[in-house]
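Below, each structure is written out as structure tokens.
In what follows, chain A forms one complex with chain B and a second complex with chain C.
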Partner chain A sequence: MSLDLAAVRYRYAGSMSVALGPLDLSLEPGQVVGVAGANESGKTTLCLAASGMAPAVVGGHLDGAVEIDGVAASTLRPHELAQRCGLLFQRAATQLTHTTATVFEEVGFGPCNLSLARDDVVARVWWALAALGIEDLAPRDPTRLSGGQGQLVALAAVLALRPKYLILDEPTSELDPAGTGLVADGLVRAARETGAGILLVEHKTDVLARIADRMIVLDRGGVALAGPAAAVLGDDRLVELGVEPPARVRLARDLRAAGLDLTPDLAGALE
Partner chain B sequence: MTAPDRTSAPAIEFDGVTFTYAGGTRALDGLDLRIEPGETVAIVGQNGSGKSTLVKHLNGLLRPDSGRVLLDGRDVRPVHAARLAALAGLAFQNPDRQLFAGNVRSEVEFGPRNLGVRGRDLDARVGAALEAVGLAGELETNAYDMGYSRRKLLAIASVLAMRTPILILDEPTTGQDARGVALVGGLVEAAAAEGRTVIAVSHDMRFAAERFGRVVVMRAGRVVVDGTPAEVFAEKRWPELRAANLEPPLPAVAGARLGLGSTPTDAALVAAVRARNR
Partner chain C sequence: MPRTRRPALPPVDRGLPDYVTRRTSGFYRELNPATKLALAALEVVVVFAVPGWLGPLVVLAIVAGVAAATRTGRELAVIGLAASPLVISIMVVNLFVLPGAADPIFHAGPIAPTWSGLWFGLLTSTRLLTFSSAVALAYLTTPVDDLLADMSRRGLGRRGVFVVGASVQMVPRTIERVGEIMDAQRARGMDTEGRIWRRARAVVPLAAPVVFGALTEVEERTMALEARAFTAPGRQTLLRAPADRASERALRWLALIALVAVLVARVSGRLG
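Up next, the complex of A and B:
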């Protein structure tokens, strides 16, 4: 059981250049795979390809294979795809339905469409809101939320579908540090409780350091670095690939560059 | 109010400003804040604390329910939004709520055109603004063919081209990679060097500590901590920061653990460690 991309290459409609690939990637249930890379390095395109949105919804041309638990994504119907693979857009606001009056209904919209029993839907909505610590937003109007609140609600709506694989394109970009921490913890909890595999595109490498098991760094559509998250995040090539190292890595490097020994007290202060 | 003076920024003052959105969310609750000409101010605070609402009062997008917003001591309430727009340029948090034109050129031209700029002067401004954000050569590109991070930079360029004495950036580093964050930081410092007032809303404590002379912490529609980065991120302020759902940046934490005082940036920590070892 896994979400697999094999020798994937993708071109957007009307474009001659390859936006992604050639690329191989495997995402297993219960695992968090982090994706970092400079702007325009292919992170969002990877999300679209891995979730089956590209080319099915956005057009373009894909070579290679995207398989979800051994089934080609291209053969799945939209509702089948949605239950296997949840996608959170980079622009969370574009994801809200604008048809609901409250956050509670908004988060329940997806589960309702899965024809679940009412109690089941209600339970899923509360579970998703609680996973992100936003139960208090339940009665609010989803169109009148701050940028960060909207992002949390959109993520809750994806979690409530309980997909087996979650593809998240910068889920914390508009969140304050506390919200970012909540999402990180919430994702770990969701992965543990539902066994979901999570593909997490994130500029905040401190978040990846905290929750990613494995990582890839993209460069011009291809994989420039791959491996256990700690090893990738400590790699000296990160900066030239346009990725900010985690604060601890960066500070340790700054101190050494200034000719200062990383004595135990210094190293301890950075933990 | 007379035609705006383009060469110097006015002092900004919020005097007991309260603002409530339709639907009952009180975003500003008796806000008091004074910003002097030429200051660089990072406004930080948790989601929903009123940061974006605050900056939208500066260019006339929102008007206070009570209290006053003053520029050089004069209430902005009777001032037409177009006049305010010439004084204070705001790059939106979400570029898709700002961008509307067909291509990059017409997008960036729109603001200065509305200020009456034409011909070579217009071309020069558009060119300089795009150069500043690293989008030179994209004049004919359709904005919607660009990724989010570049659309965000385009939104910033279209405000830069207006050369307003007050530059306001709402979460400018969101979605930017390391180079983009450094580029935006450089823009802040360049605008400040020209004597412009720069106000940025940010969740990025490192960006706030490294690039701004002053950090203002908001919570529930009010200012709760205000000072230089060294003052705001000093250990004695951590309880207030944490009450506002913020965490001090790692160099500040490391400096405090080592008993080196307030070291809000990597550079400050390195300097303090070096001084200690000497």
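Up next, the complex of A and C:
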């Protein structure tokens, strides 16, 4: 059981150049794979390809295979994909329907689309809100939330479809530090509570350091670095690839550059 | 990071909360959205089909009474103010250039406002304000999600319901976006306040980001809807639906019959 990309290459409609690939990737339930890379390195394209949205919804041409638990994504319709592989975008505002009066109904929008029994919808909504620890937001107007709260509600709305895999495309990119902290806490909680496999594209490597098990760094559509998150985030080539290392890695480097000897315990804690 | 096995969905220990099943209360507000729309449609037809002042004044009296009972007078006044440029232009055009009018109020060189133009302008303006107030009253007293839930229950497909909902919500969303862009433009030194010509000059750099921003959002919004199973087959589950009593259904039929009767009377010339 896994989400697998094998020799995937993707071209957007009307473009001659390859935006992604060749690329191989595997994501198992319960695992968090972080993705970093400079702008235009193919991160969003990876999200679209892994979730089956590309080419099914956005068009273009995909070579190779994307399989979700052994089923080719190309054979699944968008609503079937949505129940296997949830997709979250950067901006909360564009993901909310703007047609619901409360967060509860907003989160229930997806399950309602599946024509589930009302009790089932209600159970899913409470479960999704509880998984992120945002039950207290349930009565609020979804259009009157902070950026971080809005993003968590959008994530809860995706979770309510009970996907086995979550693809998160820079969920904190438009958030201030407080909002980023809120969403990062929610992601840690979601990873623990839902058992879903998470593919997390993120510029903020501190968030990745906190949550990711494995990481890949993309460069011009291909994988430039891959491995355990701690090793990748401590790799010296990260800066060359347009990715800022986490604060603790930078601190350790600055301390060494200043001529300080770090004790093994401190070095381990920082790196 | 410690991981747990994928948990099963817990049993429903908490039902549908009250804030979802909420019912509006009070005269007129608790009517089913379809009933309010039917009444608004009848009022609009009466305003335009009944000749002279009778139609608009009767409807205006009804609208004023309902507005007082539902405490929506202030919002209606704002909507009336928003229509003032149109009212002024109707008055000016009719006052001075109503075809066939030959009863001048006074002469000031080539300008000669007429009594006929004044009355016709007033009647047309009253019709316009009454019509817009009747429709606005239905809108102001109906939560959008009540309207959408009711449409969905009556069998309108989820695409149709979503288009209606998104269209209704587009106005406040666009106003919000205009505010954000105006703040951004001001932060970069653009003068968007003061005399009217300055405001007019600020419209062009404001319009482009509003329009292009809305267009670029469309693709992401489409994908976000797909990611929430919007295109799944079958009927959408309704978490709640506004009440629809037998008396209201009768009222809607009556409104429909009255609407048709007024139209027939108008077309056949019985209303004069």
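The working rule: the second predicted complex is superposed on the first by the 241 of 271 C-alpha atoms of A that agree within 3 Å, B and C clash if a C-alpha of one lies under 4 Å from a C-alpha of the other, contacts with A are read in each partner's own complex, and residues count from 1 in each chain.
What we mean here is this: contacts are C-beta pairs under 8 Å (C-beta built on N, C-alpha and C of every residue); 3 or more make two chains touch, one makes a residue touch a chain.
All of these numbers come straight from a predicted model, not from anything done at the bench.
Look at A:S2: by the touch rule set out above, it reaches neither chain B nor chain C. Residue contacts after overlaying the shared chain place A:E193 against chain C, while chain B stays out of touching range.
By the touch criterion stated above, A:A269 is placed in contact with chain B alone, chain C being left untouched. More residues of chain A lie in touch with C than with the remaining chain of the pair chain B and chain C.
Of the two partner chains placed around the shared chain by superposition, chain B and chain C are both touched by A:R91.
Residue contacts after overlaying the shared chain place A:E244 against chain B, while chain C stays out of touching range. In the superposition on chain A, contact of A:S26 is made with neither chain B nor chain C.
When both complexes are overlaid on chain A, the residue A:G147 reaches chain B alone and has no touch with chain C. Applying the stated contact rule after C-alpha superposition, one finds that A:D213 touches chain C and leaves chain B untouched. Once both structures are placed on chain A, chain A residues 91, 94 are touched by chain B and, in the other complex, by chain C.
Of all residues in chain C, those touching chain A in their complex are 1-7, 9-17, 19-20, 143-145, 148, 158, 162, 165-166, 169, 173, 217, 219-239. Of all the residues in chain B, the ones that touch chain A in their complex are 21-23, 25, 45-48, 52, 93-94, 96, 147-150, 171, 174-181, 203, 205-206, 245-247, 249-251, 253-255, 257-258, 266-267, 269-270, 273-274, 277.
Taken in their complex, chain A has these residues touching chain B: 37-40, 44, 90-91, 93-94, 141, 144-149, 152, 170, 173-180, 203, 239, 242-244, 247-248, 250-251, 254-255, 258, 260, 265-266, 268-270. Those residues of chain A that touch chain C in the shared complex are 29-32, 48, 51, 53, 57-58, 77-79, 81-83, 86-89, 91, 94-95, 97-102, 104-105, 108-124, 126-127, 138-139, 154, 157-158, 161-162, 164, 188, 191-196, 211, 213.
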